[in-house]
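Next, two complexes with chain A in common: one pairs it with chain B, the other with chain C.
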Partner chain A sequence: MRTSRSILTALLILLPCLAEAGGGLKVVATTPDFAALIHAIGGDGVSLKIMAKATEDPHFVDARPSHIVSLNRADLVVESGADLEAGWLPPLIEGSRNKELLPGGAGRVLGSAGVRLLDVPEVLDRSRGDIHAQGNPHFLMDPLNAGIVTRRLTEHMCRLDPASCPSFRENLSRFERTLDERMLRWTAALAPHRGASIVTYHNTWRYFAARFELVADTFLEPKPGIPPSPPHLASVIGRMKQTGMRVILVEPFQSRRTAEKVARHTGATVVDVCQFPGGLEGTELDYFALMDANVSAIARALGGAGPR
Partner chain B sequence: MSLFDLWLWPLLAIVLLPGILVYFGLHVVERGVIFVDLALAQIAALGVCVAIVIGTHQGHHPHTYLWSLAFTLIGAAIFSMTRFHHARVPQEAVIGIIYVVSAAAATLVLSRSAEGDEALKSLLLGDVLLVRRSDVLWTFFLYVVITVFHFVLRDKFLSITFHEKRALPMGGARLRLWDFLFYGTFGLVVTSFVQIAGVYLVFSYLIVPAVCGALLSARILGRLVIGWAIALVAGVAGLLVSVNAEGLDLPTGPTIVCMLGLSLILSAGLARLKRT
Partner chain C sequence: MRTSAIEKRGPLPLIFVGTTVAAAACFAVFGASDSGQNEGNAHESATDTVDAQGVPDSAIEPRADVTLATGASGRNYLKLSLTGLTSAGSSSEANVPALQLGSHDPSRRGFTIQNAELVLTGAVDPYFTALASVVFVESPEGESEIELEELYATTTSLPYNLQVKAGHFYTEFGRLNAQHPHYWDFVDAPLSHSRMFGPDNLRSTGARVSWLMPTSFFSELSLAVQNAFGETLTSFGSVAGESVFGRPIVDRSVDDLGDMLYVPRYAFALDLTDNQTLLAGASAALGPNGTGPDGRTSLYGLDLFWKWKSPRAQQGFPFVKVQAEGIERRYRTDRPRSMFEDGAAYGQVVWGFRRGWTAGARLDRMAGDAGPVPDPFLEERTRSSVNVTWFPTEYSKLRLQYNHDARSLFEDANSVWLQLEIILGAHAAHKF
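Entry: the complex of A and B
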């Protein structure tokens, strides 16, 4: 045991790959959306590690050694909260032995704090299929929530790196200006479709729909995380035919084939969208590019399919 | 904080726990019931699903462990009953059927529950990179108990696997009892290791070292020692590569599985050299 210990230690010390370059704040983001917001504030001065890929279902992420190493060295970990990462983040943080990142620690930021969460179940009845007892965690699809979260992130980053704070604040005000300006554009693009209903695979677009006055309460999944069953799909198809819903949103990690099957029966359009920067081409680390892509894809589909 | 501390418990898990799997692997390979571990793990998973659904409906914490244990023992009973029906139905078919039916049944049971896949995955599929101290210690304790049990009764267990003809005079009922004890303890080992390291790693640790041992030695003890050496080297090498692979960022479990695969290729080469 002792020899293998010293061999392992020697190997770990000798190999240089784990030494990360650069000073500045070390931030780990669970998902690429928070990473994009942090990048907007911190720029290249912050060393940033993203745990889930944009094309990966954020409810399931495979543990990698680099996750633990990055967490071990991180000053700050930003998670969505509301149980989104409940299945995989706690054991990684426990494994990282970084006390600052434990719940309540100075380095743990809950993205959902300060955001008004939707779909908080009134009765905690698990049989209704709500995985997220604290509410729906896909809140960044409402751009105003992105503003709230970015302001809070800036505060946290300022506290940990006071020297860079002025530049963080400058970047924040630029972010806010861009957000205000884009909000007008996005609202205008979707305004003609006010009240339209869309079908989504998972309950990801509630916040988006609420902000832009759409309705997104029909899901291809019968319950969050449960694959579509034939009777459920049949009832969705029935409802779509009855109410004339003609747009189905799918994300890269969801079953496009299911959406296509429903589309064949209803004449609907399947639209590729993503809640994560990088999940659509040209949107890496850029929240605005992502929302531009989402809004224009949805507006185009609603325009093409809506009643004329 | 040295990096060593980060990987201490994964390392201990890899060094301490697979030994007993290598031993069971000798049995499994000799009996030709290669996929019995997957079937037992899947039956245990079905038990966990039932516990989840009962727990959610009654609003109290279910005794998940007891449920999975009970289902594992049911599986062990089925395997020990079906051993001698192989006139027309090979046992491998029974194993396959049990696997696929319990996997499908688990999906059906879970569709009654809210938490679905997520809960099941986090309960059943461990990742060796994330093991905790308490997991390693508790599982090690369990394995020591089972090892002692098998060591004390080694004549019986070895003869029911390796000398079936000599064991036959025990009579059908006694033989089935020993078979049941074998599959029962095996089920405990498999399900607890699945919770630590996931399905692929269990399967590889069972089968690959045993096959390497069979290639290189005719004696049971020889196979066991070779198997242990291979499990230890491949496991530690896999962890090191996964933790150090620059830029690749390899998940640990699959890296160890590939290392075991590599050691099988090396053993096959060595066996060839030995023969010529």
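Entry: the complex of A and C
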């Protein structure tokens, strides 16, 4: 009994020393896209933890206990919402014992708030696949939504760290200037392909397509979250041949082999894209680099995919 | 304790009974609801809402109003789900309940409703969240049993990284004891848990305080204090009339704090690499037992969980996870005084080899003192299991498992079980 008590005492004295110390705002982002936006505003002064890897499916992230520790010490957590993190974030928040991060708390930012979500289902019925009740959560692929979210993030960060607010605002105006500039470039790059149809694995590119006037309504998945079946792929191949669709987008965590199989039958090009900074080489924590890579890869594929 | 598998009723009427009860429970909860939106499947059947099948899509305005409870998160107060676990199969052992010791295991040749669970969760107010789980199980005798499995509140706003859970809950001893059947990687509970904790695992009414320690890695210390008497406390107070190690359980009064069950636990986790995580813990459960005023039981356990997941995981696949637990029991009886010691352990590997598919293997053993009377709960046994599971989506699964049971008092047995699970409504978020 005495030994166990002395061990406990020793632990109590030692443990606080092991804890991390650090200044600046501590922010946890569920996915790397929000992390990139926070990095653009906060720079290196903000300590940043990311839960999902850029290369993994954001719907299915492991609730690793280390995330509980990050959340416990966080001033701010940014989530997409619209049920993207419903399968893994709630037990982490509960385990974190950080009341500021509870829904409605000062440290909880819902990324989708203020964004007009597309694909809000008229009827919820799981026989239609894994549909999101509140709408499609992949909204940051529209750069204008990235602007909305970044402005809201800046407000939240300013409230929690007023001293750094002037620098946050300065970074925000730089971000907005760059965004305006790049928007012109991206729009110009994709303008020649206005109205073109692209095939995507999952319904991830809805917002991107809407912004740049492309059509992205053909999916390798028969229904959201349901793996591609041979009959469905056959119908996709038929449709591609009929309408001349020649570009298939895949992300790092989606089956490239399936896309290649469809491409072999249709002569289409498989294009590696990603919705998360870091998922493509040289795009870590950089939203603009990511969108540059996505836009140029898609424009190149559409350009090279004219009628033969 | 279980005797034989007498089939009084087939499973079909029981499904009906279960559904009716679940619907009645829903109705009791949501009778006051006046909203007209159909967001949750389980919710639809019970309230006066618009029927998704009967009304054209255009007639429903999904964003117009708010429901009291739904299967989706967001605009509601309560998340609701119904999990159903059914199995079919057979065993070379005719007395299946003596072979499969858990109350959520397949319990007969033919079909078994292993578990039908209605779970309600939500935030109570800014200070508490709560969970209630109402369970329907089919006894080996074919009778339907409905019980409140868990009902507890958890604090959300305590200082000093503390958290208190209070109510009726599965004791947080090791890894598997507190997990509901939905989370199991196998069709049945391991022998180790049925032997040490009883057919329905260790659960009781009480409170637990836990402290997230200020370390750079995850490190958590907790202590639970729960009632020590009842049918889900077979190693402890249990119920008068039962017997353990051949000793009868007698009526005992609760006289002082020593007559409560105390469960300390420490757990820590390390991210070994970006793709590998290790979670390990040590637990003890200390309390009185029902053999007399001086009867005491101590359980000691170690648990280990390791998982690798691909950095390019699609829907969480591929992955490999390894899990093992060992439990030792010291059971001191009263009148006459004697000490029984036994131990049990299992180890398992589950490989998610492609999207939606897993393969698992488990070795499970229990041994030690058995008492004077042959007892299927206390014989020396080893079970080897292999299985394959297909998850069409995260809301359903089909699992095929083969068990080989090597037994010391009874004949060895071979069993094959096919299991189907379905989830309606909200899908519970998975802890690590």
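Convention: the second predicted complex is superposed on the first by the 287 of 308 C-alpha atoms of A that agree within 3 Å, B and C clash if a C-alpha of one lies under 4 Å from a C-alpha of the other, contacts with A are read in each partner's own complex, and residues count from 1 in each chain.
Simple rule for what comes next: a residue touches a chain if its C-beta (ideal position, glycine included) is under 8 Å from a C-beta of that chain, and two chains touch if they have at least 3 such contacts.
The shown structure was predicted, so the numbers you read here are calculated from the model rather than taken from an experiment.
In the superposed arrangement, does A:K99 touch chain B (first), chain C (second), both or neither?
second
If we overlay the two complexes on their shared chain A, which of chain B and chain C does A:D272 touch? Say first, second, both or neither.
Neither chain B nor chain C is touched by A:D272.
Considering only the touch criterion stated at the top, classify A:S229 as touching first (chain B), second (chain C), both, or neither.
The answer is first: A:S229 touches chain B but not chain C.
Is A:L89 touching anything from chain B or chain C once the two structures are fitted on A? First, second, both or neither.
second
Tell me the contact category for A:P252 with respect to chain B and chain C: first, second, both or neither.
Once the two structures are laid over each other on A, A:P252 reaches chain C alone.
Answer with first, second, both or neither: which of chain B and chain C does A:T55 touch in the superposed model?
Once the two structures are laid over each other on A, A:T55 reaches chain C alone.
Which partner does A:V120 reach: the first (chain B), the second (chain C), both, or neither?
second
Return first, second, both or neither, reflecting whether A:P65 touches chain B, chain C, both chains, or no partner chain.
both
Do chain B and chain C touch any of the same residues on chain A, and if so, which?
Of chain A, residues 11, 15, 18, 59-60, 62-66, 68-69, 72, 86-88, 91, 94-97, 126, 129-130, 225-226 contact chain B in one complex and chain C in the other.
Can you tell me which positions in chain B touch chain A when the two form their complex?
1-7, 11, 15, 56-57, 110-118, 121-122, 127, 129-130, 132, 236, 240, 242-244, 246-247, 249-252
Report the residues of chain C in contact with chain A in the complex, numbered from low to high.
Those residues of chain C that touch chain A are 38-41, 52, 57-58, 60, 62-63, 70-74, 123, 126, 129, 154, 156-158, 161-163, 212-219, 269-271, 274, 277, 279, 307, 309-316, 355-356, 393-395, 427, 429-432.
So in the complex, which bits of chain A are touching chain C?
Touch list, chain A to chain C: 11, 15-16, 18-20, 53, 55-57, 59-60, 62-66, 68-69, 72, 83, 86-91, 94-97, 99, 102-103, 120-126, 129-130, 133-134, 225-227, 252-255.
Within the complex, which stretch of chain A touches chain B?
Touching chain B: residues 1, 4-5, 8-9, 11-13, 15, 17-18, 59-60, 62-66, 68-69, 72, 86-88, 91-92, 94-97, 126-131, 222-226, 229 of chain A.
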